[in-house]
Structures are given as structure tokens and as C-alpha cells.
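Naming follows writing order (A, B, C and D), and every chain is counted from residue 1.
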Amino acid sequence: MNVLLFVLGFPLLGGVALALVGHKTYARDVNVLFSLGTFVAACVMTAQVINDGPFFVWGNQFFIDPLNVFLVTLTAFVGMTTSIFSRPYMRVEQDHGKMTPPRMRLYHSMYQLFSFTMLLGFTTNNLGIVWVAMEAATLTTVLLVSVYRTPSSLEAAWKYFILCGVGIAQALFGTILVYMAADKVLGAESATLLWTNLSAIKGELDSTIMSLAFVFLLVGYGTKIGLVPMHSWLPDAHAEGPTPVSAVLSGLLLNVAMYSVLRFKVLTDGAVGTQVAGQLMMGFGLLSVVVAAFFLSRQKDVKRMFSYSSIEHMGLITFAFGMGGPIANFAGLLHMTVHSLVKSAIFFTVGHATQKAGTQVMSEIRGLIKVNPTVGWGLMLGAMAIVGMPPFGVFASEFLILTTAMREHPWATPFLFMGLGVTFASILLRVLPMVFGDTTLKPLAHPPALIPVFVHMALGLVLGLSIPPYLNGWYVQAAAMMGAAP
Amino acid sequence: MSALGVFSQFLALLLALLLAPLLTGWVNQCRHWMQNKSAPGVLQPYRALHKLFHKDSVMAEHASPLYRFAPYLVFSCMLLASAIIPTLSTDLPLSPAADAIALVGLFALARVFISLAAMDVGTAFGTLGARREMLVGFLAEPALLMVLFCASMITGSTSLTAIVETLAHRDFAIYPSMLLAGVAFTMVSLAENARVPVDNPDTHLELTMIHEAMILEYSARHLALMEWAASLKLFAYSCAGLALFFPWGVAEANSPLALLLALPVLLLKLAIGGALLAAFETASAKMRVFRVPEFLGTAFLMAVIGLLVNVLLGVG
Amino acid sequence: MNSMTVPGAWIHVDWVLLVVVAWLVIGMLGIVALRRFRFVATVLFPVGAVFSIVLMAVALSAAFSSPELAVLPLGLPQLPFHLRLDSLSAFFLLLIGGVSAGVSAFAAGYFRQGEGTPPGLMCLEYHVFLASLALVVMADDAYVFMVAWETMAMSSFFLVISNHRKPEIRSAGYLYLLVAHVGALAILLCFGVLQANTGDYTFANMRAQHLSPFWASIAFVLGVFGFGAKAGVLPLHAWLPEAHPAAPSPVSALMSGVMLKIALYGILRVSFDLLQTHIWWWGVLLMALGLATALFGVVFSTVQTEMKRLLAYSSIENIGLMCAGFGLALLFLSYGMKTYAALALTAACYHMLSHAFFKGLLFCSTGAVMHATSERNLGKLGGLIRYMPWVAWSTLVGALACAGLPPFGGFVAEWLLLQSFLFTTGLPSSFLDMLVPVTAALIALIAALSGYTMVKYFGVIFLGQPREEKLSHAHDAGLWERLGMVWLVLGCVMLGLFPNQVIAVIDPLTQRLVHGGMAHTVAESSWLLVPVSIERASYAPFIFLLGVLASFGLVFVLVRKLYHGRLRRVPPWDCGYPFQNARMQDTAEGFGQPIRQIFELFFRMTRELPQASDASPRYAVKVEDPLWYWLYLPVARAVEWISALVGLLQQGRIAIYLLYSFVTLIVMLLVVKQ
Amino acid sequence: MIKFVPQLVNLLATIILLLSFAMIAQRRIVTLINLFMIQGAALVAASFLLGYVTNQPDLYVSGALTLVLKVIFIPWMLHRVIRKLNVRWDVETLFNIPTTMLVGIGLVILAFSLAAPVAKLSETLAGGSLGIALACILLSFMMMITRSKAVPQVIGFLSMENGLIFAATAVTNGMPMIVEFGVALDVLVGVLILGVFMFQIREKFDSLDIHNLETLKDDRS
């Protein structure tokens, strides 16, 4: 009777249950309840890992270690807060007639199934299952993105499906190659896709196959991370779906993809011995940072803009992990965490703002702090945090990344400098008039749910000012687990 | 500070106070002679001052206190200036209190206050004069400073007494830089003392006047103080110039004899200097106000070149 | 707050932290009492001022004591907040405390009910700003430094846009924050170089590293760029004349008086303390930058017609002079001429101190004037000395100090600076020797020009006749405002009259940074300020002042005694033209016009000249900053252009998107195939 | 018999490759679906064969899955879809066919050259056919790029999956069972969702022409 059962069971059950009753009015609260249950279970599991270290579940098909347990908790947490946020939000959407009861049912059940697939992807030890989970996550989110059934949402979903489907297919080929490589070492017994076994013998894996495999995996999962130039689906999907979905997509799904790439990077580094994987990741990371920054600077739609900022941050994280080394890995993990928190918080506020304005076009959203100071300040602080203003955590990780890069890869710093500078300029240029100045907005019937926003911001603040020791313990172990690259 | 020092300090002050109007008078005298006019007499400035002090002061009704005390301040600034410039002796107790840079600062202070006073009443003339005065000042000050630096580079000091002492009693040497500096100094002092070709002390022509425009509103004792301050300024400049470029005859510390000797030498030098000034003024024509910056800019550049020459020849 | 030196004992660091915490608490109280204006104004701000004075006292005693360390249980896990209070920090804490005391008192009377940010929030931002200022100079590792630094930028940014309904104010704040952040990124990279790949970000470690000249130079240049951006050094000055006018006056006073100095503190810390090697061209670079900045600033400030813009440009000028001083000190240091380096550094620090006071004072006075007249355009002011004497006379002191006239602080600073330039002869390289006269000349010119500016500033605002009707019922500043301004006036006067005592405070700093100082020479000559030797140069402001005052009084008394003091008040002489009115006085533009002509090539001017045929002929001239067109707009255009190109990538066709992935895949396969 | 097996597998592999080319060339959607079905059949044959030779029951199972999905269900569904939406022709491709073929040949060469070193290492019977699998994947990728209607794109996507399955089967004698099932499930659900989508797209844009799906550009909108 393992706690993991609950971690995975709650969302799965919730998916089924909400598939039946998701259209009822109380479904929102049911949704929140299941997410809450998941979060509690995740916390318990975390406690276990903290107490008695990593452990296997069910014939080591599942493996819980510091790296994934903290991602699990993060996912469960953001999933919960997002469900809280989506209560009033979706209510308003229903009032505006954008959602109908059957769509609500689809939305709720897919929401739960989506978090199930993510948690599965994190916890499983079988790289094949990782792939399955990723594909399943894609499918569920495709349905979530298209839930409005508007032409643009359909288009976005279609692109999302095709591009990510193809990408995932590459990833599968990569996985097959890895399997092949492992097959030669371990022989034909069926445990050969278990990450633990693989990482045990990563030194002996054939380097040619592994490097080939990593290319496919990076392109494949990189599509889901949103690395330039495979990013094209991301802004559409984030902008056209409901805001809670944008929040979880930006905040969580990208993390899952990143996580799986990391797992494979460890193997590849072990097998190839050279830095090739790291260099590829650094290249993609830099490209994403710079290109996304320039994309950002020309957006008019607020959600598009922040989804580009997600691309930029993912690029930064990829760059950090590409550099490797304890500090950079630490920074990468920290950045993953803070980005999830802050970005989802931003999407929450943006959601309320867009509902008030009745549009996502930034030039028509003005003077939030006149109408609703809390939303306004939430957006302002969120923007400040996401562009890397201390004392928020994003700054902490950017501090470590930049300072490390400056001495280890000086050639990269001009690009980072340019990327970060342009991002800062563009985001604030758009956000300032949205928050300040005279207003054009109207108050709404239902009060916004701002607790999640400020909880997230507070956590981001804590991560910037003083990281709790146990969390730090996680990071350090996880960073070590990813191997201190030479 | 020795008793003699204190004495020579007082002597210098007294001399400045008394001789300043005389010098002005003498220059005017010479100029009238050269222009074939009948001269009012050397003592005319004293009479004018005396008359002015007797008159009732007339003042604009909305003039502020600043306007009232400006003349006193300007006057005392000039007094202090002429107190720290070694005229007779280099043994001046006050001189450590203010070196060359402070001297320039002192002139600047006086200039600022006279301009502010001119702006206070708010007539068109006053502000015009103030602006022109500041225009002259912002180029004249650095030029003067550069001239002094030229000397202090040679003598390795910015304290006036030290400079004069070294220049006067070091064995004679020719410093080409001092030539440039001398020319610059002459131009600056012409501008600073409202002389042709920069300004004309005895016209009230709004196209050209600078100094007169500023004190146009003043009358009686305030005007007297302003005039006296002006002649003190002229005196101070002349003494400074003489001390820098013809320092011979200035007495050293504790040598009463030299002190006695210094007085006639000074008078002689002043007489010649005044005559030359008058001659120059007569010979040259008043220039347009807009050409003043070029004039002073030239002076400034010359002084800087002088400094460069110093460096080049590795003096000091 | 556990301190390392004497565990348990209550040492300076703890006192400073106490002040910081107190400020933060005051800010929080402001949030609690968000809209209770009277409480915020008459209780919170004065209390903050009291703590500023405490800080000042602590800093004074800390300046002479040995460095103290403290470690706060905050920050990154491997990197808690390291704080260090050495003589350098102490000096700047003194500056912060001294100026902020006056400004806070002024602010207590200044902030009014009304538009924009509620007073409580203002109070929070203000005191967070103060606290972050104090923390920056205390920081002893890169992380806490950057945190405090950016907090400073952010809080001041929110203060600047506190009246955010005006779009131009918002854009000013935006420009400010942008430049500040770009600078911060550069500083970050600078620290990245300094930590030399050890992963240890404490300053102690950075001091221990010995970088190759190449890396050291990179660090120096990055540092100068980053901190220069914050200080308003050319060509990154453009935010300054926008942000200062936009901000409320006490905030501009703090930004101009204190924050710019904190930026210079960064330059000092990095180039003198953290970097162990010093290369001569660093000094030359800094000197050139500084002089260019100073000349640019002063020339622009003379032609401004808006009070606060004028002062902002004059701040740029002063910053430039300080940078020149630093550069000279670096030059001397790189040739091991410690005494002269100390002299130059002392001059620069003295200038910082006096500039902090008089510029704070001047900005406060603009605030008072704007409150009294709701007018910031010089062309519409005039004659205020009769309606608001307090403001006028204290402004006069500030203006004289700013013009660098004896016997005020500004003059002492310039005096020392010129002295240190005079000593530059005797540098090993003749090329540098040739540099000296030119630099000295430039400095003299700049000083004179600032005199011009200040006469314009004071004369046009306070003297003459009121140019508008409404001015005649302008009211003088309130009690708190007077208090604050008087405090700052006292600062200016003290700095002017007691240079030796001030230098004694600066001395530990120079001892620490360049291992040389002037204390010994100063100590033996009680009233005289003697940089090196009495033969070389000396200056005694006190005797100077006594001389002037004595002769003043004497003349006054004598005139009264020998003659009389009779006075008649009449209307001024109208030159025989009875229709004169106040509009016929020289305008601000008119006063700046000669400078505009002489330095024409500095400006980007657009003139509108009247025609003979015009029904109502009007003359207008608009003076703009050419750098804006040569540097900033091109960069902006470049970004737009690139982003337009990048935008082509995202053109909607799924086939093309697939093609991207496909090509990427192929290319990477080819890459790994090698 | 055993010694013929590698040749046989390679023969099947070649057939699959041939079919991919055929698909690229083919314009009629119905034929396209049929070709896809045949490809699936060949795949099934290959996996059964390998399963028989290496007597691994897993391969039978996966073969069966493929049979059910790729040979029976999906073609049937696609047929139904196109009948419902009556889209029979995919007249204009983005590039003309011969060019596409040429590029395709280039891709095959690349795939082989990439697979060659890897194939040497593989000691399974049909290790050599890794290159062919890779080629199939790349070809179907290209097909997806070149086709301008939704259905052919989906078919391309599915045939890419075929290539993957073939790779798994031929190179590694099949993935672990659980993975096989997961993959199969995903494919099934994916196809279902795609079907639904096509109807929705059709009803929104009344055509399956993906030129309609180009509104979400980045021209400052």
C-alpha cells in the first residue's frame, strides 16, 4: 500500500469521476478537492523521501528520487492552485457563454487526466512509459486547448497536435535506439528500459548509438520544451486555450519535457564521455533565449507575450543544464521551480485582467490598479519577478547562471545579455501601461481568486531570499544526481 | 607672523584702498591726454566718491535685501583680494588663507553677487548686463586660473607669495611660457576691468555696455562702493600682473629696508602700467559683444598653450 | 544579527542594521496606515529622519574603527548575506544618513494628498529605498549587493512614477529602469569575472583572486559600464534628465544627492578594492569619460528652461568631475604615487559629500517652489525672494556651493581637485604629462560654467519681478520643509568651513583604498587646509570668511558713521520708456542664449524664427540631446528591425513549422555524424 | 529456412520503404489509405516472422496489435471519414512530386549512412534494416511537410509510426510489452481525436484544406 498509489490514483480517479459529473456546478469544487488530495499525497511522499531516501515501487517500475519528487510536489501544488484559480475564472467564462456544460465536463476531466499523465511521467522509472506519458499529456492538452471550439483554438490545437506528435515520434525513435544500445549491454531481459539499470551501466553504452539517440530525443522532447526552432506550436497553444490551461502548460508541461531530456542527458554524458550533449543543449538554449526575446518584443497579445517569455526561460534552463556542473544544475533546478510558480501566477493575473478588459490585446488593457489594485500589483510584481528583478527567485538563478557562464563560456554571455535586456525592455514596456495610468476596464461579477497569485509570489520571494534547507537539500542532491560535468 | 608682517599687511591694505582710485584717475588722465581732451584731474575719482557718499540713496521699491548688501560684499571681496596679492612685500600673514585658486574664487564670488544684484530689480538693462558679465566671466576665470597655473607650475606652488618670492629672488631666467601667459593675462584683465575693447567704462550705450548696465540702478553710497570696488579690482589686477611678470622690487620677509624701497618701485610700475593701458585703450576699438567670447577664448587658449610649453620644456 | 568580531557585543554593524530594520518597519507602518495622510506625514517621515541621524552618528564612529563583519541567515544556501562595515562603507553611510535626514524632514512637509500613489505606499517605497541604499554599501558578497542594488532601482522606479497618470512620467520611469537594469546585468557579469570561477561570491574571495590583466580589464570595463549607467556617465546619461523631473522633489533629491553617489561607490569598490591590479589606461579612460560627461552636463544645464532638468544636468556635470577625480587617483595609483592618489581621491570624495548636500538642498527648494507656484518652467517664475525668503536664502547657499564659490563646500572640492591635477606633472609618461594642463583647463572651464548656470537658476527664479500674476501670492515653505532645508544648508556651510575635520573623516577611506592619506598633513595645520606642504598651497576658508565678514561689517559701520544711512524707495528707472512690464526681463532662454551660440555643436537645435510678415511673430528654439538620436534611437530601431525579421519565422503554415523541425533534425544528425 | 529469414525481413523492409515512396507519389487519398494499409500488413508480416524465428511471444502480440490497429481499424476509420467529408483528392501538393522524390532519395542515402555504423553493432537478425526504418521515418516526415490537406498529413504521421514500430521490431526484437501497449493506446486515442478534429475543422472551415489553418501568424496580431 504505497503513497504513490494515491499520488497517481487521485488524479486518475478524478479524471474518471469528472468525466461523469464534470458538467455539474459543484464540479469545480470536486476538481479542487482531487487536486488537493493529490497535493497532500505528494507532500507525504516527499516526507518519505526526505526521511528514508529514494525508493522503488512495484517491481522498480516506479522510482522516486529527490529529483523527481520535488517536481512531483511542485506539479501537484501548481495543479492545485490553478484549480482554485479556475473556479471563478471558468465561472465567468461560462457566463460569457464561451463554455457550455459538456465542455466543462471535458475540461474538468481532462484537467485531472493531464495532471495524472504528468505525475506518471515524473514518477515512472521506465523510459518507455515516460514516452507514453508524454504522448498522453499531449493528447489531453490538445483537448484542453481546443475546448473553446473557436476556429483559432482549433487551429492552435491542430498545430500543437501535429508538431508535438511528430516531435514525440522522434523521441520514440531515440528511445528505441537507447533500448538497442542497452540491449547489447544487458542482454534481452526486459528490464533494459529502466532508468536505474541504465544509469548503472551508462559507461558501457555504445557512444555512437547514444549520441544519435540523444539527437532524436532532444529534437523530440525539445519540441515539447519549446526550444527554438521547434517552438512554433507553443505561443498559439498557450494563447488560444483557457488561461488555467496556459498556466499549467507554461508552468508544468514544459518541466516534464525538460525532466525527460535531463534523464537522457545523464545517460548520454555517461556513454559518450564528451560534452556533446551539453553543447547541443547550450546551443539550443542560447538560440531560444535570443530568438524568443526578439519575438517577445513584437507581441500584442498578452498571453502570446508571456508564452514567448516561457520559451525564453526554458532556453535559459536548457543552457544552464547544458553547462552542467553543480552550480549550473542547481541554478537550472531553482529556475524551473521559480519559473513555474511565477509564470503561472502571472497567467492567473493576466486571466483576470483579460476578463475585465474582454480582450487579450495589451493596448486595450489599461490602468489595472485603478479597477483592481491587487490584480494590478500582482501583475506588476509578477512581471518584475519574471524579468529577473530581485529579491525574487528568478533573479537568484539568473545570477548563478550568468556569473557561471561569464567564466566558463564567455562567448555565450553577449547573447544572454542581449536576450535578457530585450526581454526586460519589451515586457515592462507592455506591462507598465497595462498596470498604471487611466483605466478602460470594468469590474466583474465574481471576485477574482488572488490567493494563488500571492502565494506563488511569496514562494518566489522566499526562494530568492532564503531557500529552506530541506528544499536546498533536494536541489543539491538532484544537481549531484545529474552528475557534475567536467 | 612677525610684527613686520602684520605691519606690511596693513600697509598693503591701506595702500590698495588709497591708491586704487588714484590709479583709475591716472589711467583716465592719460587717456584724455592721448585723445587730446582736457583731463578732469587725477583726483577726480576721490571727488566723485565723496559726492556719492553724501547723496541720499535711491532704491527701487521692490529691491530685495540682497540688492542692498551686494555692494558691501563686493567691496570687501575686492579688499580681501588686494590684501592677499603681494604688492609691497611677500610677507603677508593673510596670504596663506587664500592662494591663487582662492583669489580667482574671490573674484568669481564678487562677480556672481554683482550680477545677482543687477538681476534683482528686474529691469531689462540689469539682466542684460548680468548675462554679459557672466559671459565674460566664464571664459575669463579659467583663463586667469591658467595664467596663475603657468606661474605656479614654474614655481611649484599655488600660494601667491611663494610664487612671487621664487620669481623675484630666484636667479633670473627667461620662461617662454610666461610670455604667452602675460599676453593672456593682459587680455583677461582688459575684459575683467570693463576696458576697451571689451567694454567701455564711460558710455551708457546699451549695445555695448556691460559693467555700467549692471550698476545702472545703484546710486549714492552703494554706487560709490561699487565704483570703488571696481577701481580696487583694477588695482588688484595690475598688482597681480606686476607681481607675476615684473616681480622685482617686491620686498622679502623681514627686511624693512626693502619694504621702504618697494613703495616707489611699485608706484613707478603702476604709473607705467596705467599709461600703457591708456595707450592700448586709445589705440584699439570697441568690439561687438559677440566677438568677446572669441577674444577671451584666445586668451584662454594662450594660457593653456603656456602650460603645455611648461610641460614640454620640463619646467618646475 | 550575529557578528563575527565580538560575539554578543553590540557593534556598529548591528546599529546600522537596526536603522535599516527600523526603516523597513516604518515603511510597513506606512502600508498599514495606507491613507491616513497626517499620520504618515507628521509621524513616520520625521521618525525616519531621526533614524537617519542615528545612522550618521554610527557611521562617524565606524569610520575610525576597524572593519566589522556580519552574516545574516538569508540569501542563497551556500551564500548567506555577508555584510561588512569598513571605512569606505562608513563614509557612504555618513553621506546617506546626513542627506536623508534633511530630505526626510523636508518630505514630511512635502507630500500632499492627491493623485497617484497613496501616501502610505509612498512611505513604504521611500523607506525601502533608504534601506536598500544602506544595504548596498554594507554588502560584502555579490548576491546581497545585487539584491540591494536592484531593490534600490525598483523602489526608486516606483517612487519616480508615483504620479503615474502622466504618460511622460511613466516613460521616464521606464527609461530609467531599463538603463538601470542593463547596467545591473553588466555589473553581474563583472562579478562573474571577479569570482574567477571559484563559485565563491564573497568580496573577500574576490580580493584574494589575482586576475590576468586581460580579465581584470574586462571586469573594470564592465563595472564602469554598469555603475556608470546608474551614475549617469556619458553616454548612458539619458535617463537622468528625464527621471529627476518626473520624480517628486524629495525623491529627486535622494536620487541625485545619494543614489548617484552609491553608483560611484560601486566604481570605487570594484576598481580600487576588489581589483588588485591597476592599469594606467583605466585611469585615463575614467578621466576622459568623466570630463566629457562634466562638460556635456554643464553645457546642457546652462540652456535648460525647466528647473529640475537644469539641476539634473548639473548633477551629470558633478558626477563627471568626481569620475575625473577617480580616474586621476587610479592613474597615480597605477604608478604607485600613493600620496597624490590619496589627494585626488580625497578631492573626489569631498566633492561627493558636498554635492550630496547642496544638490539635495536645491532639489528640495525646487519642490518648495513648485508647491508654492505649481510652476516648474523658469520662464514663468521670478521675484520669489520677496514672497518666500526662507526658500530663497537657503537656495542661495546651495547655488553658491554648486557654483563652486568660496567659502562653501563645492569650492573646497574643486580646490583640492585642481591641486591634485597640478601635481600630475612628474608622471613617468610624457604623454600623460601633456594631458594635465588640458584637463585642468577643462575643469576650470566647467567650474566657471556651473557658476553661470547657478546665477541663471537663482536669478531667474528668485530675483527680478514676478513674470506671472499668480506668483504674487506664493507662500513660503512650511515648518518641516524649512527644517529639512536648514539642515542641508548647515551641511553645506560646515563642509565649506571645516575642511580639515571632514578630510579627517575621509582619510581612513583613502588609507584603505590607496594606502595613503592627508590626515597627517592636515592635522598639524589646524586652521589651514594644507594638502602637501604650506609652501605648495594652502587655503583657510574660516579666515577667508572672517576676512570678508570683517571688512563687510567695518565698511558698513564706517559708511554709516562717516556719512549716513538715508534711503528713499522709488519705482525703478524706466529708461524713459513707461510701458515696461515684467515680461520684458531676460527670459531663461535669453540668459542661456550666448552659451547656446558658443557651444552650438553640442546641441541638436530646431529653431522657429519669426518672419517680417508674421501677424503675431514668435520665436522658439528647441534644444535636444544629440546622443539620443545617435545612440538610443538607433539601438531601438535595430531591435525593432531584428524582431521584424524574426517575426517572419512565425508565419502560420504548419508545413513550414514541420520543415523547421525536419531541417533541425537533419542538421543535428549531420553534426553528430562528424 | 532460417538462413532465408534475414533476406525475407530485408525484403519486407524494402517493401515498406517502397510503399513510403509510393505514398509520397500518390495523390488520391483512397489509394493513399490502401497503401498505408498494405504497409501495415507488411509490418505485421515482418514482426510475425521475426517472432517465429526468435520465438518471442512479445512480437506476436505487437504484431497482432499492429494488425488490429493499422491494418483494420485505422484504414476503416479513415475511409469512413473521407466518405463522410467526401475529400477524395489531394490535388495540389506544396512541392511537385518529382522534386519530392529526389529529395526523398537524398534522405534515404543519409539515413543509410547514419545507420551503417549502428547497424554493424546490432547483432539481431535484421539489424541491417535500421537504416530502412530511419528512411521510412524521414520520408513520412517529408510527406507530412509536402501535403496540404489534413488527411494525408495524418496518414503521413501514422506511417511514421509504422516506421518506428518496424525499427523497434527489427532492431531490438520489440520493446517491452507494457511500452508496446502504451504506444498502441496512444496511437488509438490519437487517431480518434484526430478524427473528431477533422469533423470539427470541417464544420468550422467547411474544408479540410490546412491553408485555412494559417491565421495564427505573428504579424503583430
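Just so it is clear, a contact is a pair of C-beta atoms (placed from the backbone, for glycine too) under 8 Å apart; a residue touches a chain by one contact, two chains touch by 3 or more.
Since we're looking at a predicted model, the values are computed, not measured.
Asker: Centre to centre, using CA atoms, which chain is the farthest one from chain A?
Answerer: B
Asker: Between chain A and chain C, what is the gap in Å from one C-alpha centre to the other?
Answerer: For chain A versus chain C, the centre distance works out to 44 Å.
Asker: Distance-wise, how many Å sit between the C-alpha centres of chain C and chain D, to the nearest whole number?
Answerer: Once rounded, the distance between the two centres reads 69 Å.
Asker: Quick one: report the Å distance separating chain B from chain D, using the average Cα coordinate of each chain.
Answerer: The separation of the two C-alpha centroids amounts to 101 Å.
Asker: What is the distance, in whole Å, between the centres of chain B and chain C, each centre taken as the mean of its C-alpha atoms?
Answerer: 36
Asker: At which residue positions does chain D touch at least two other chains?
Answerer: Where chain D meets two or more other chains at a single residue, that happens at 114, 141, 144, 153, 210, 213-216, 218, 220.
Asker: Can you list the chain A residues in contact with two or more other chains?
Answerer: In chain A, the residues touching two or more other chains are 158-159, 162, 166, 170, 212, 235, 295, 298.
Asker: Can you name every pair of chains that touch?
Answerer: A-C, A-D, B-C, C-D
Asker: Which positions of chain B touch chain C when the two form their complex?
Answerer: Contact set of chain B toward chain C: 53-54, 56-64, 66, 69, 72-73, 75-77, 79-80, 83, 94, 96-99, 101-102, 105-106, 108-109, 111-112, 115-116, 119-125, 127-128, 130-131, 134-135, 137-139, 141-142, 145-146, 149, 152-153, 156-159, 162, 216-217, 221, 225, 290, 293, 300, 303-304, 307-308, 310-312, 316.
Asker: Can you list the residues on chain D that touch chain C in the complex?
Answerer: Listed in rising order, the residues are 94, 110, 113-114, 138, 141-142, 144-148, 153, 210, 213-220.
Asker: Which stretch or stretches of chain D touch chain A in the complex?
Answerer: 114, 117-118, 121-123, 134, 137, 141, 144, 150, 153, 157, 160-161, 164, 167-168, 171-173, 175-179, 182-183, 185-186, 189-190, 193-194, 197, 200-201, 204-205, 210, 212-216, 218, 220-221
Asker: Under the stated contact criterion, what part of chain C meets chain A in this complex?
Answerer: Residues in contact with chain A: 73-77, 142-143, 146-147, 150-151, 154, 161, 164-165, 167, 170, 173-174, 177-178, 181-182, 185-186, 188-189, 191-193, 195-197, 199, 201, 639-640, 642-644, 646-647, 649-650, 654, 657-658, 660-661, 664-665, 668-669, 671-672.
Asker: Tell me, which parts of chain A touch chain C in their complex?
Answerer: Per the touch definition, chain A meets chain C at residues 158-159, 162-163, 166-167, 170, 211-212, 214-216, 218-219, 223, 229-230, 232-233, 235, 276, 280, 291, 294-295, 297-298, 326-327, 384, 387, 389-391, 395-396, 398-400, 402-408, 413, 417, 420-422, 424-425, 428-429, 432-433, 436-438, 464-467, 469, 472, 475-476.
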